[in-house]
Amino acid sequence: MTKVIRAGTITTASETYTADILIEGEKIASIGQNLTPPGAEIIDASGKLVLPGGVDPHAHFDLPMAGTVTADDHYTGLKAAAFGGTTTVLDFTSQDSDDLGAVLDAWHAKAAKAAVDIGVHMNITHFTPEVARQIPHLAERGVTSLKVFTAYNGRLRLGDGDIFQVMRIARESGLLTMVHAENGDAIDILIAEALAAGHTSPEWHALTRPAWGAVEAVLRSSALAAQAQAPLYIVHMNAAGEVDQLAYAREHGLPVMGETCPQYLFFTADHLRRPDGAKWVCSPPVRSAEDNARLWQGLADGAIQTIGTDHCSFFFDGARPILYEGQPVAIPGKELGRDDFTKIPNGLPGVGDRLPILWTYGVRAGKLSANQFVALTSTNPAKIFGLYPRKGSLAPGADADLVIWDPEKRITYGVAHAQHRTDYNLYENWELVGYPEKVFLRGELIVDREQWLGRPGIGRFIPGQPFASIL
Amino acid sequence: MTKVIRAGTITTASETYTADILIEGEKIASIGQNLTPPGAEIIDASGKLVLPGGVDPHAHFDLPMAGTVTADDHYTGLKAAAFGGTTTVLDFTSQDSDDLGAVLDAWHAKAAKAAVDIGVHMNITHFTPEVARQIPHLAERGVTSLKVFTAYNGRLRLGDGDIFQVMRIARESGLLTMVHAENGDAIDILIAEALAAGHTSPEWHALTRPAWGAVEAVLRSSALAAQAQAPLYIVHMNAAGEVDQLAYAREHGLPVMGETCPQYLFFTADHLRRPDGAKWVCSPPVRSAEDNARLWQGLADGAIQTIGTDHCSFFFDGARPILYEGQPVAIPGKELGRDDFTKIPNGLPGVGDRLPILWTYGVRAGKLSANQFVALTSTNPAKIFGLYPRKGSLAPGADADLVIWDPEKRITYGVAHAQHRTDYNLYENWELVGYPEKVFLRGELIVDREQWLGRPGIGRFIPGQPFASIL
Amino acid sequence: MTKVIRAGTITTASETYTADILIEGEKIASIGQNLTPPGAEIIDASGKLVLPGGVDPHAHFDLPMAGTVTADDHYTGLKAAAFGGTTTVLDFTSQDSDDLGAVLDAWHAKAAKAAVDIGVHMNITHFTPEVARQIPHLAERGVTSLKVFTAYNGRLRLGDGDIFQVMRIARESGLLTMVHAENGDAIDILIAEALAAGHTSPEWHALTRPAWGAVEAVLRSSALAAQAQAPLYIVHMNAAGEVDQLAYAREHGLPVMGETCPQYLFFTADHLRRPDGAKWVCSPPVRSAEDNARLWQGLADGAIQTIGTDHCSFFFDGARPILYEGQPVAIPGKELGRDDFTKIPNGLPGVGDRLPILWTYGVRAGKLSANQFVALTSTNPAKIFGLYPRKGSLAPGADADLVIWDPEKRITYGVAHAQHRTDYNLYENWELVGYPEKVFLRGELIVDREQWLGRPGIGRFIPGQPFASIL
Amino acid sequence: MTKVIRAGTITTASETYTADILIEGEKIASIGQNLTPPGAEIIDASGKLVLPGGVDPHAHFDLPMAGTVTADDHYTGLKAAAFGGTTTVLDFTSQDSDDLGAVLDAWHAKAAKAAVDIGVHMNITHFTPEVARQIPHLAERGVTSLKVFTAYNGRLRLGDGDIFQVMRIARESGLLTMVHAENGDAIDILIAEALAAGHTSPEWHALTRPAWGAVEAVLRSSALAAQAQAPLYIVHMNAAGEVDQLAYAREHGLPVMGETCPQYLFFTADHLRRPDGAKWVCSPPVRSAEDNARLWQGLADGAIQTIGTDHCSFFFDGARPILYEGQPVAIPGKELGRDDFTKIPNGLPGVGDRLPILWTYGVRAGKLSANQFVALTSTNPAKIFGLYPRKGSLAPGADADLVIWDPEKRITYGVAHAQHRTDYNLYENWELVGYPEKVFLRGELIVDREQWLGRPGIGRFIPGQPFASIL
């Protein structure tokens, strides 16, 4: 049970140095020079980096949508996360009833097979006095973040007043409010008109969700947070103007933070115009090269605090089975929207892609330092969502979630490596330099190069601590 | 009927020069050197400025509110406007029914006694398919501007989707959409809580309408305009952040313009804390010295296009009659809210104060040039609201609305000069240098120093032309 | 001598209306409806626009440079200006000695043949106590603007301290300081290195004058102006960052204004890479499409106040004569730098192109209104340089400099139309819609379509009045 | 020689956790849970924080100036640093000759008595081909940062061209260029005029060094860095506009970083107007409350990377001896400028005040997190100046420089605690909560509460590594 990760280059959100890491049971016991406890298993990491396991603040598993369900459940999706170096993922609940405890119970039942550690955000999509009464008790069950929507009228959206109330109850209860920022009213009108005009192709997914709606919703949410004196976290930022407004809010002292996702850094609406454009359909939509660039800049200069994935995987062609763990699997997917872009299940695979893609195209490309990479993909999400210092950290007392990262490993990436249970990958044939070699979850080796050593249920629910402070 | 205004310094939005103005009937016939038509009445303006009559883009008369009615009707209020050098004012309708034609008929009945020329904006506070069908016909009746509200839930507010629809119908019909920008949801919650906590003083009017709500509503409205590809005009800008966001929108090419009012340039929430604080209660509220300064800067550098008044006068003490045209008058007013700030009728006198106050404290103070003064208070409003070149201009063919302005006239200003039918003035005892000497409406001398030469009904309805282009 | 321009659409910096203009002698006598003085010559302008003659704030004639001289002198260049609708041009002196009076005498001798009216800026390139003593007397000779350089070390540049002193003396004397903003130090080093490395092509002209040097020089000059409490005018703005910094300075209340030129709106460094790239060599260099776009935006939103040309024409191939007024003319030109970009005479033709090009590609393209066009190219330069209201205005008492502009005239533009005395035009084969039809200088018709009715010396020196106020 | 710091709350630039630190000799050997090596000395830190020793990037010792010398030499000043929790300080050389090696030799002779570890920046105040030849060899002697000045003409200033050249040589040689950013030209003129006008009081120190000169110099230096493609570090930022321009540069991808100092966060020019105003005379001067606020904001949102002190202490009254280590000491000081502000020695004590003052008024005041505090005052300076991971870090292998910080310790601060060898302290009578309890330098306890356990020469020269990357 005692292991020593020897002589790796330990890389945290602020530090880079070479040392040994002593793991005892599930925890990091110490970090030091020449640690040689008798009987310890020695894992040589010389010439490699040792990173805290990734913390993905934003993913969805086993989520019914659009007449089907996400391709990945809590086992397959989180196993893919592990292959990509991520050892903690935050999922979302659907508020299927106003009994939030029952909602959580149902979620736990589904999440029991988790392949890495997991936390959960509570969606608040129906705000009643009863719900208001229950929110302060969520922290007792380890849920310290709520998500609200300014889009999806009649389904997920709350009005501004309800959002304002949620923010204030959240603040009082040590919870962080997260917001999906788009203007649902304009979107619904544009969609109805597009369909009426016979516009059915995936490109219309983007055309009916204009960036300006996202931009104003960022400022609107931030302004509500200012008035509520409550912390706010903006999920999946995707437009240049959102970065402008987030920076404006922060420079004016508002308690706001932001997240972006790899898809918004690399892809544009042009991808939606491809024959297989449905693969890129997610909400909010991918936008323009100028948006990509501004988001990168926002990461580099500190305007944006985290990178999540919004993993929400579907098959591109759900009629054609793939082999997954030796079994044929086929789940209805993007083809459902062949004749109607609104019927395309919204979402992308990505939970496993995040770290390898960002390493090569962010760190090696000189856009981010290795420390920023760790901060954005692990430490900051852990801090923001109350998992720190247990997660997101390489420090004595922390969970021994860590990745031995081979900075010189070269692979041609794609669906074969990605391990998601779906039939495509957005980064197919991208050349990568730098890749996870070994992944440990609470001290246990669960990925060894291409080999999966974990099992369903090895992942554990990690309760969130109350929100501490704005990063 | 032929008059010559001799040798005044003619001051327009861009020009300053000395010449004679020949008036024939209601129109300016020509402007030139040494105009000496036989039989003309000669009015010497040497040493004086000649300005186009002011155009106030924003005022309210004979408006029922809070269990009373505004102190000024279309005669008394517009007469006060005349004394202040303003010869055209734009009023608003209340959408009392979905028959917009009937709404206009009722408005015309009330406005028939107008003391200067008048136009009208149509409030859209209830958006139905029937209303949507009628809007395109408004231009036929000379109404080419609509106002919508993002506040006053359940009374005046439209949802974002309705606003978006209104903007698009307006654009198609040659109309301009105006927006009252605040966040109604947060306001309603804050007001309810304030009252529940026993906070009843006028200061709470400001505390329950935070600036951030106005700031986001400016960007939200601008974003809707961007998506609707429709022009937008933001009324009564009052907060520094609103100027930031208007500038941001315009620098990003959005079709947006903005208006501020004198009260937002000179007063702060400190005034609400005075014993007579109710005098300063208007919506949105007066804010801070920093907001004042940013608004001045926005006027100087061109971010803001117009200065209106939002004149909406009430008595401070409606129980104590005043003498008005020799008659005692008393109308319930601000005292209605003595025990509850929400019951204070919202609004201020100002239609007559605008030009004199801005001249001394804007132009003479070096914050605005005389040309900017004319542009902001006359030419730009006339252009934006389709009254140009008939109004807002000193040019042949234009209505002979003009002011002979004595730049050296010194008075100690206040309720006695202001001529509004109310018992107080916000600028009581302010020292002014520069004041209207003679005011002509379509060629007719209606104010001669302190003497009123006009009469009820001399003012005429001026139909607006379709919206032309963003300034 | 009495003329009436009948029924044109008079277009000024702020007004647009239809009227007649009565010209008596050199002046506009009046503007009015149906002006019919007996014996007047009637010029029909119905369906046409009538604009104030253009005022070009920035041009160079008969200027020795790089071993040759500009292709245009004060007759040929200003005649071309007239064909393009410009009736007043501001030239620059070279400070060939410290006797500024003698410098002016020499300039007047050369400018005596001017084909339109002319003013002059005094370059201060050698600042001594004697020069400091003379500057306050310049206004007596009608010179109220000084230009200083932050580049061209050892030739034209003044140090920051001298610039600061010049600004303060200028302010005290009612003069406006203008600045050519680049970082001369970095440029000189980069040029020496480029030549040492054998880089001789025109592209290196841009590569050795980086935009960041211009950007900082704008803020540096503005900061000196702030400390000197003196007005400043930045010539030929060319980079996006310059607009950012000008806007920053103005939003912080600094007394700064800016000018750009058509070449910076339409061309990029790519043009320098063409085989005939030398045609586009001017200083500062043309830059990028992003810079073009930001400059347009700065014009539209009011950050930039004027558009000049920096006309400074050379032959492209000075060895091949052209026919000019029937005579073969050949003047050494751009070919001097065939083997060394530093030997290319710096400058472009443009004084005649400005209005036609900006009309089609600015006003008709929807980037500027016709009023903005007049403000930027006529009224604002006239105001800034003390020529207003004599120039830049269509008002009684003003010089009768005006253009009857045919908004529907279509031509394929180029060297044949442009009338500059050189062998190329930057806008060769550009399609134009809208063109001057008749041009009047102080009441005299000098251009009638393609016909030149003027003569050498018809242009007059117009003394500048003291600087009045920041626009 | 083996020590264990037991159970402290270890606080680094990104992490906060509780663990033991094992020190072996001069180094941190390991950090872990329950470290109990036999024979180790146990120092209990439970309930306390353990911070990496402070790294002050900017101080001056034993520096002749204005006819006197700084009050602190490398022993007294660095001892005071130690009392304040700072264990590494970067001093500056004066370039007294063009033999940079000799300059360094002289510096080492003076610095040999250092009381904590020390590094050194090389001032380049005379740039010749010989100096250019020597700069690349500085790294061999552990000097990897150069400072240049845009002020102090004729003494310290380099021209822009020389700065550009220095930046490029620096970049090639792995060195970082630092800049003192003011406009020396304007300053010299203003000073001469102030003196000529008889303005001699300390206030004129600020009035003759206007903020706009500093603001433009930030952008100018950044622009030169952009053109040189070289990293830049702006010392002692003091004005709001400097933060704006640093943020602008960084958002545009320029390789620039910035430092501020406590005096610019807490004091304004009002302090110079006090009878003892000379105490606050430093260059650049303290400015306004608005500048203070913008600098705080820049620290909070990441625009600024470090906080140094620019410690450069003088006596306020050098005629009155103080007791220092039991001996009377009197060194001519601020009184030298009693009749002439230019003769006031420029500089303030502060090297020891930095951490305690910033803790109470930054961290406890909620303006900075404890992690930001460590980053700004220790880790970032160490990284930027090539001392990391040896300094600025609590990690195995790092020097065991650490502070046990008592977060609840309350003292009334002032000259008695500060330990600088001078007769005043800027923070006299400020109430502090949180203070260093024990300070270790390379494993050795040198400060134990109020007791000094170090000695002259215990400090060691720490060679800087080549500059790595922009933070």
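Note that the chains take the letters A, B, C and D in the order they are written out, and that residue 1 is the start of every chain.
Quick note on the criterion: a contact is a pair of C-beta atoms (placed from the backbone, for glycine too) under 8 Å apart; a residue touches a chain by one contact, two chains touch by 3 or more.
Since we're looking at a predicted model, the values are computed, not measured.
Under the document's definition of touching, what chains do subunit A and subunit B have as common neighbours?
none
Can you tell me which chain lies farthest from subunit A, using the average of the Cα atoms as each chain's centre?
Farthest chain from subunit A, going by C-alpha centroids: C.
With chain centres defined as C-alpha means, what is the inter-centre distance between subunit A and subunit D in Å?
40
Taking the mean of the C-alpha atoms as each chain's centre, how many Å separate subunit B from subunit D?
Each chain's C-alpha centroid was found; their separation is 56 Å.
With centres defined as the mean C-alpha position, give me the subunit C-subunit D separation in Å.
50
Quick one: which residues in subunit B touch 2 or more of the other chains?
If we look for residues of subunit B contacting two or more partner chains, we find none.
Write out the stretch or stretches of subunit B touching subunit C in their complex.
10, 12-20, 22, 27, 29-33, 35, 250-251, 253, 297, 300-302, 369, 371, 375, 379, 389, 393, 395-398, 469
Considering the complex alone, what residue numbers of subunit C touch subunit D?
Spelled out, the residues of subunit C in touch with subunit D are 153, 159-162, 164-165, 183, 185-186, 188-190, 210, 212-213, 215-217, 219-220, 222-224, 226-227, 241, 244-245, 248, 252.
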